[in-house]
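You will see chain A twice below: alongside chain B first, and alongside chain C after that.
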Partner chain A sequence: MNENLQHRIRAQLLKVLHFATLFVAMAIICVPGLWVVLNSFRPTVEIMAKPPVWIPGELNLDNYRAMFGAVGEGGVPVLQYFTNSLIISVSSTLIAILVGMAGGYAFARYRFKGKTAVFIGLMLTRAVPGVSLSLPLFIVMAKTGLIDTHLGLILVYVALNVPFTIWLIDGFFRQVPIDLAEAAEIDGCTRWQAFWKVEFPVARAGVASAGIFAFLTSWNEYALASQLTRSTFSKTMPVGLRDFTSEFTINWGGMCALAVLMIIPALILTFLVQKHLIAGLTFGGVKG
Partner chain B sequence: MAQVLLQNVVKKYGSMQVVHGIDLEIEDNEFVVLVGPSGCGKSTTLRMIAGLEAISEGDISIGDRIVNDLPPRHRNISMVFQNYALYPHMSVRENLGFSLKIAKRPQEEIDKAVDEAAQILSLSEYMDRKPGALSGGQRQRVAMGRAIVRHPEVFLFDEPLSNLDAKLRTQMRTEIKKLHQKVKSTIVYVTHDQVEAMTLADRIVIMRDGYIEQVGTPLEVFESPANTFVATFIGSPPMNLLEGQILGSNIALDGGPVVEIPSTVKAKVSEGQKVILGFRADNLMPVGHSMPMEGEFAEFEMTVNLSEPLGTETLLFGSLAGKEVQAKMLNPRPVKNGERLQFTLDLTRCHLFDAQTQQSLR
Partner chain C sequence: MTRFRPPAWFVLLLPAIIILAAVVLIPLILSLYSSFTPYRLTRPETLYKWIGTFNYEKAMKSANFWTAFGRTVLLLTLALNLEMLMGLGLALLVNRVTYGQRALRTIMMFPMMFSPVLVGFQFKFIFNDNVGLVNNALQSLGMTDVAIPWLVDGKLAFISILIAEMWSSTAVFAILILAGLFAVPRDPIEAAKVDGCTPWQSFRHITLPYIMPFIYIALAIRSLDVARAYDIVQIMTNGGPARRTELLWTMIGRTGYVDAKMGYANAMGYISIFLAIFFTIFFFRKLNAARSELGMAG
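Then we have the complex of A and B:
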């Protein structure tokens, strides 16, 4: 009996420890984000206070009001940046998904010469840090006149995302038994129909998760965008954050407000597809 | 309803040839089973008939059309896959109706055909479930239902029962046989299980290493196997094979007893020829526990190493001419390991094969 009690207490203690550890880990991950959200509602004095003020004394929407206000009064062209970000992220994601599907399917289903080499080559491109490409990209874009355009950034993001979407989607199509497509062909489908009516719907979760990853990469990317865009007509939201820095001061509150606006769409999207996302990571990730 | 004709069909993967020019004629409404060990080319042959594999040489015709280069959808065939290949994102109803929907048939006709198939295979209760929510046997039936909905000219089955447990397999075997009687269609069926082959087939095609070894009705291949491979592959337990040599009017088994040459093959052997004597367990029985034997037989003693009682009969394992042989004991009594018994061998039912070519001398 005594022994049983001991074990029960130990199990309870472990459980408490477990939750405590989880809480600390989550806190480390979440606090910066929450801090951004909190600061977006606070005056600069409180943000900059030392020691930090954890419990806000005053919450208001001043930072948001100023951000949407006139240019001279701390306003930034938020809607324009948002539109730019949306156009660039959505179109680069769509293209990356289409290319990724074609490529992933080819790698999963067909045998061809140099398949492994091409695949490894694609994966190696992911080993190159994006920033190191900024100067060459800048020169290429400048020469081709694509600098400071939506198209230029879209092309860069497609190139950035395609290896990853191919890898992820390849993993998914590998999990779809080849018999399914064969059964569909025997049932009267053309190769094309068999893909769209059977293989694609079965692997849809994978394509969706690849899409989310591609979208988030484009949506959040800063380093390259800061080099390749300069005017209001092409700047994305992360680049727009720099509008809050001036020669001597940084408007932290405004920056946080814009950051919150940036986070919201990504958050909504992630919630919408989180089921696919998790399935995607565990399911597609098994094969490499 | 159509006959299927294979003429000199060859399949090569690069320089590796896996099917070596096979000829086969499958009659209208016939149930033909392709059987053989794994890697013998039976599935490849089936897939070539289906159009899922291109043929390297030769001709395949279905009905009176040569279909060599036609894609599967133009061959008017149905296929049941080993792992069923049901569309996981569709309900049973959608799975069954898929082929008709692709063919753009009117909805009424689709519903009618689907309901009919569901009726035949007693699937009506599960129509709105996804394949994931079905048991193995039910999935198997959906796969068959999907095949019959189209009323194809030829049904192809690729080891359809190998994923089922033993009991269900026997049950589905009967259902397939019934299905054949109901839908009256040509069926080509691939399996590695000789019992399935024997029970289902009108004719069995036994394949090995990309060649056809023998074609015949189940009884033909059982009773007159063309070579030692067929002899050991068909029938359970496999046929006993003992090597020996012709000496005068006898066969001297290597290191074993001497038996008379059965009169059925006497004219086909020559003095000194190396031969293989084959007989099934049913033809080697202990004296007093055997069928009444007429005609020629041989008697000799043998030590029993192991016995497997099966109830109505007991399988006896002994060693004869340096090889393990299996015998059968009718009206069994308990046999001790190491017991020496007198056996009779029914010579009229023995098979003689040439040791060199392994071909039957009958």
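Then we have the complex of A and C:
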């Protein structure tokens, strides 16, 4: 009886401990992010308050109003940055998906000599650190006039995303049984038709999640964008964050407002694909 | 007359190869060449002067370079290992939850949506010695009277950067390892329990071997863009104050753009590229080994 009770107490204690650790871990994950959201709605006085004000005294949209306001009054060309980010991210994602689909299909369906070597070679291009790549790209783009243009950044981001989209899409096409396409070909489809009518629809969700991963990478990229863009005509939002910094002070409220604007699209997209994303990464990796 | 028809796989891979050659390979060849010249952005004619391995020798002899190099390797090693362990812990914690696991999984992905540059600003504020959250909390709790100079002291700044980097990337490990935990079959664990294994034994000998490939996938994925840490460091300290948190990447950026010494910066850039390639190949090999252990290679 006594032993039984001891056992029960220990099980209960473990349960409480588990819950407490989980709670702390989740708090550490959430607090810095929520702090940004909270700060975007409050005046600078409260952000800088000491001791920190956790329960806000007043919430307002001043930071947002100032951000969208005139340039002299703390405004930054947010809409322009947003459009730039959107144009660059969307077009680079679409191109990366098309290129990645061709490449991923090649890896998933064909056997050829040196396949692993080619695959690792493609992956290695992704491992080149942004700063190291930005130096020669800066020179090349300055010479070809692509610097400070949408097209320049789009090309760079396509190259940045292609290795990873190939990896993901390869994994998704592997999940489509090869018999399916073969059956379609026996029934008189060409390989091209078999791909679009049979294989693509099955792997569609996976391709979409690869696309969102590529979108997020372009949307959040900073190291290259900060060097290859100069003016408001091509600056993206991550680079735009720096507009709120001056030599010695940082306009935290305004920056948080822009940050929230940046997170919202990312948030929505990530929630939409989280399940497929995990499946794609693990499947591609394990069965590689 | 027979026309040469390239194999289908080659045609399919061609667009990827072309774009990568144009955006990555050709610039890298250019930078390899310019690393043998005294090229300065402000004086274009210096691009045509060959000085051999002078830049590399200069880097090899520079104490600043080796300090930054050592610090980068230390940061990468610490960050990847700690992220892996924390991710494993987090995944195990979440895996035990039966109710509301979906919601927890979603929360776990929260940091993945934050741009690294935003993470940099966020933690710059959190570790601010005057108004930052950490110092405020420590002072309100009465644990210290003085403002701790988190981002000014070399060692503390290194720790702050490490924490910021871990916050932003632990999620990747946790999510992937969690996916691995779902794939672990239940039967062997039940059998081990019946045979009298302790929970630790069944974790060590059954669960861990199963999730090892997933851990290596996560490490391989992370090693592909470890240099993302550059964004965080550049914002938090930019290598300063007085080079106390200088990493290879911030040093390259400053030498190239601020000092305009492109040739020298490219020489150091090449060394950082080899470092990144070393990390990537290392983890891909581990991944392949783990795969064949599970009999999934091919």
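The definition used in the following text is that the second predicted complex is superposed on the first by the 254 of 288 C-alpha atoms of A that agree within 3 Å, B and C clash if a C-alpha of one lies under 4 Å from a C-alpha of the other, contacts with A are read in each partner's own complex, and residues count from 1 in each chain.
Throughout what follows, contacts are C-beta pairs under 8 Å (C-beta built on N, C-alpha and C of every residue); 3 or more make two chains touch, one makes a residue touch a chain.
Bear in mind the structure is a predicted one, so any value in this text is a computation, not a measurement.
Three-chain overlay on chain A, with chain B and chain C fitting side by side and no clash. Look at A:Pro136: by the touch rule set out above, it reaches chain C but stays clear of chain B. In the superposition on chain A, A:Leu151 contacts neither chain B nor chain C. Once chain A of one complex is fitted onto chain A of the other, the partner contacts of A:Ala127 are limited to chain C, with no touch recorded for chain B.
More residues of chain A lie in contact with C than with the other chain of the pair chain B and chain C. In the superposed model, the angle subtended at the C-alpha centre of chain A by the C-alpha centres of chain B and chain C comes to 90 degrees, rounded to the nearest 10.
When the shared chain is aligned, chain C comes close enough to touch A:Met26, but chain B does not.
Of the two partner chains, neither chain B nor chain C is touched by A:Leu86.
Within the superposed three-chain model, A:Ala266 lies in touch with chain C and out of touch with chain B [touch as defined at top]. Of the two partner chains placed around the shared chain by superposition, neither chain B nor chain C is touched by A:Leu94. Aligning both complexes on chain A leaves chain B and chain C separated at their closest CA atoms by 15 Å. Interface of chain A with chain B (complex): residues 177, 179-180, 182-190, 193, 197-198, 201-202. The touching residues of chain A, counted against chain C in their complex, run 18, 21-22, 25-26, 28-30, 32-33, 35-36, 47-52, 98-100, 102-103, 105-106, 110, 112, 118, 120, 122-140, 155-156, 158-159, 162-164, 166, 216, 219-223, 227, 237-238, 241, 250, 252, 255, 259, 262-263, 266-267, 270-271, 274, 278-279, 281-282, 285-288. For chain B in complex with chain A, the residues that touch the partner chain are 50-52, 71-73, 77-79, 81-83, 85-89, 98-99, 102-103, 146, 150. Those residues of chain C that touch chain A in the shared complex are 7-10, 12-13, 15-16, 19-20, 22-28, 30-31, 34, 41, 89-90, 93-94, 96-97, 104-118, 121-126, 130-131, 133, 136-137, 139-140, 167, 171, 175-176, 178-180, 183, 213-214, 216-217, 220-221, 223-225, 227-228, 230-231, 234, 249, 252-253, 256-257, 262, 265-266, 269-270, 272-273, 276-277, 279-281, 284, 287-288, 291, 294, 296-297.
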